[in-house]
């Protein structure tokens, strides 16, 4: 089985970390193809960055489809471009935010999310509303650690995230925690042991669920809103991406 | 007052029709600046097209902001890129889908939407859920008229749309109808008279609400999820769009 | 264009303030006709007062309709009598609470409301639920300033309202604030500047949206729940109000 | 125990039928005081009639409170003036619509409502949303029988209502039926036997639940939105109703 | 009239207290038959205990049906086995949690629940969601008093419950309180007087509503999900309970 | 990895079919332990059967936990006893209904469920509401094929299920189909090919998701509503199941 994991930002070192986190969570027989877009923002913090991440991400989805992968994972916690990616793919496509919420709702009754910056809170809350899981989420918390500081300033970042987890358990009534950024993948196991509750990393969850759907042989539906895009002209710098 | 209306697809003749529809709906003192993206799809039918429309649209929002407009209207019924545009703007930004739903909920109790293709139904339903207006919508109906056929094949298209309106009133219990495509703008007045119910065109509604917000002097909030994007590197063909 | 603004309580000085606030928010060409009921309570604080405000308010709506106005605004934040007024009118009718919530949801992602007395909180929360905008409202806060003290005790009242705004921004995660009483209309601009977030006054928002709907030429639907009342006998002191 | 049942319209013959229906549903020891307003509409069909029914209804609630009743029932299926009546009362106040929905949700999983005219459908749907029971309601159906025709044209009216019940069971998936007008009270028992499902009349349900709350000794809360109205001036024809 | 109240746990002293609480809340003419299961847990604290309480509870429902009771009350605040009991009964079946929520929503606008242990909070929240009353509930609070300590350690337990009530009124904005355990039945009247708000005990509410439904002559619907179980084999220790 | 799949009914031949369906969907390295309860109903059709299935099912969960399995699957589409099983387990527990809905929501935008008997529709709808996925479900359809007829009368049953799938795609607007009974597991692949949309079987989905969670090393949270049951006495035939 071949799994495509696309990091929607252009920071290649983050792609490597994400691939490593996914690899650690998967059985030996799964080959991982990790990509990042050819062009776009170096990190995604809010709606504007997200919008510029999607075209390059979709190009990677289309290329990976042609190469015959069995499933795709979009490794940004905002589930950036998820619906568009499903329109472009036959194989199943999983967002790491989505996967983490679904996993959390299968092992606990109330989860809190700990993400990076406050400005990402509404993106996450909107996704939870669309997915129907808002009532299972006690609260979305921001650690105020910027995405790229997770790499450069690990110990201080981890302390801030830990403090929010502690508050989620004490104040929110959460019995489960979701780490709200692909860059926090490696913290999940340590926090699970320290806090003795499930602490879920979306990268691992997304990879595991993608493998699950590929195992089932279930494809993305082409009968409704995820129908393949109609053939048409795209102009200018996007002409090569026309469906 | 200067109003910026951006047609998210690259079909310039459609931009002209949209501008004319907006002009007809506004008081004399409002200057309209109508744009379309420099690059992107010629029409938006589903999530994939939408994703490739947004970057060019955001560039137009940023340019218009610099030129000092008082409000923006995004003239695609999917409200393509609305959240990202608000992050990029100080002036208020209105989507024509959003404006039409809000207007419909102020003059009736149950509205139906008549849009172009079936594949757009879930996009619209998801927007209604996010906006909180799903319970006011009796049904989203597809006329199965492609966007660009609205221009090229007017009479036949209008007949199909009329048939769905008739069914919405007879079967859905709707007392109000929303036309679900910027390309249907000129039909609204005829249908209002023919069916004797409010038939709302989003282009006119979006323009009128944008003028309303500009008149109020209310700006887009920069205190939460619509905070201005943080400064960072965008690579490749997007380097010139970095915030 | 002629706009009818009805203050649902009988305090004529408040009608004057409301008319002034609306005038300040509208273009020069709009004529404002401001009325208050011939009979009823001097202020509306809770459901009981509201019930006795509505008949006199509806009489003003009917009179204004006959005189040919283009739109009506109900200038009580509870949107007192809004559905009944729509049944009595052909022109569009906007409630100032409704207008403020819709405006807030177009410029921010989470708003808090600051109203007068605690007893009004459930009225407002019920309206938000009915309108579908409850999920966009972070919290409804009471300043515990009675309606008429807003006129007689301005500075102290404004300090209490300011304190709730500060808490809304710090504790509720709101990025936008709605002032929950027609008597707070003149505070909006000062608070917007002081707190650097959109602070929305319903009187101005209601007037601006009413002008927007009138500009669109959209009427209240007579095809459903807002159908004109059937002819019948009203007895006693209400005989002259029979439809 | 003394129970006050107020018919919100001024048709005294209907008050008599309502009182009889309640009497038939209650134990011998309960005394019924049945009233109708001194002034107002002869029937309630839509929001406008409803608004003019409330002041006279509230006057009856206040009088009955003074006379020491143990509970009130508002015998219009729209639950006209329910919140305002609770503000005016210490004893519990039950609406017959409300009572019927709650009863239906205790003996079945999905109910349909059969009411009089289409224009009442949105009133009922809004109430169901506010009460939280919309998801238990399969559909609100209109028999298109005007309220007063239920008295004058009994057999034909009953046939039309029966036809809607049949459709509710066959098409809506309902396992329970609610009769959506006080004037249908006497049909419930016949339809229950004929269709072999629970057919619930709000008058009987409201009376039974009012007795239940009175038995419990539970009063209307005065700590929140139902606080007693503050003392203030009511002007003109309403001066005698000031709190 | 004969009312069957089943205590779902096997603690017979608690059955006696429950019967006494119900008797105190009912008119003289109602005969109470109080039972507890022949087998099962001595108290219900969480989902596991609940699952083992249901078979014995259903056996009591079936026996009571055969003996001709007019209604059943399930006297555990989790409404343990409520849907299954309705499938097994012709007479109406009321859960005490359900009854308390419905009663609270008829005398106030926002209620808080005070229950025993934290682990019961999600059970109660799930029930509120299913019943549609979650939006009327300000908060579910745990006093951390185990069920059986309510009997053995009355004064200390009552102090802890009182403290949560006080917080519900001060912090949650509740105007009404629901006591979330059958074992708290005798506290309701004292707390109502002390806190001057409605404090609702589910045992009394369930008994009163059961009498109300029996008075109405309404039966449990057999036309949908509560259809009588199909005849089939139950093996092993359950063979005697086969339908 | 060792996976425990428990068939909640006592029909051993159905356990074998379920195990075979799961085996076919899983990688070679996963060992399957398939069980059915020692006592209980031979099939589950509605709430009453469900209640008698749970104790025997929980006994199997407890035994399997002691034997050290990595995850559990409850192989009844009603997700019978799911919450109680999670309270009894440290390993993750997945219901096949739950798994199917989550899978469907990751490959399509609107799914319909095709189940056995009408009486199961409300059970499924209630689960969808609790899980938050009701808005993704277009409709729950009953084929009116009893559970055990799926084994004994395969071809006729399959034709009836196929007919409902056809209607789901034509009338409901579904782009994905969920098969609503463990006994339909073997039909999924044939229907996927025939109808060219994803047709999801819960047994395979549940097994795949259970493996996914086990791979992640995520356990059931013991910090909230799924806390291990407190030690206490269970009387009579249940004494040996006391926690």
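By letter and in written order, the chains are A, B, C, D, E and F; residue numbering begins at 1 in each of them.
The rule is simple: a residue touches a chain if its C-beta (ideal position, glycine included) is under 8 Å from a C-beta of that chain, and two chains touch if they have at least 3 such contacts.
As the structure is a computational prediction, the values presented were derived from the model and not from experiment.
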Next on the checklist: Sharing more than half its contact pairs with C-D, counted by residue number, which one of A-F, A-C or E-F qualifies?
Outcome noted: E-F
Item to check | Turning angle required so that chain A lies on chain F, C-alpha fit (0 to 180°, nearest 5) | outcome: 180
Checklist entry - Between chain B and chain E, what is the gap in Å from one C-alpha centre to the other? => result 51
Next on the checklist: I'd like the Å distance between the centres of chain A and chain E, where a centre is the mean of that chain's Cα atoms.
Outcome noted: 43
Checklist outcome for this item: When centres are defined as mean Cα positions, the distance from chain A to chain B in whole Å is 29
Checklist entry - Which chain A residues sit where two or more other chains touch them? => result 86, 109-110, 118, 121-122, 129, 134-135, 173, 224-226
Next on the checklist: If every chain is a node and each touching pair gets an edge, what shape is that graph: line, ring, star, complete or other?
Outcome noted: other
Next on the checklist: Can you tell me which positions in chain A touch chain C when the two form their complex?
Outcome noted: 118, 121-122, 129, 134
Item to check | List of chain F residues in touch with chain B within their complex | outcome: 109-110, 135, 173
Item to check | Complex contacts: residues of chain D adjacent to chain C | outcome: 10, 38-43, 45-52, 54-56, 58, 81, 83-84, 86-88, 118-123, 126, 129-130, 146, 224-227, 229-230, 232-239, 241-243
Item to check | chain F residues touching chain A - in the complex, by the definition given at the top | outcome: 25-27, 29, 86, 92, 94, 98, 102-103, 105-110, 131-136, 169, 173-176, 189, 192, 196-198, 200, 204-205, 208-209, 211-213, 215-226
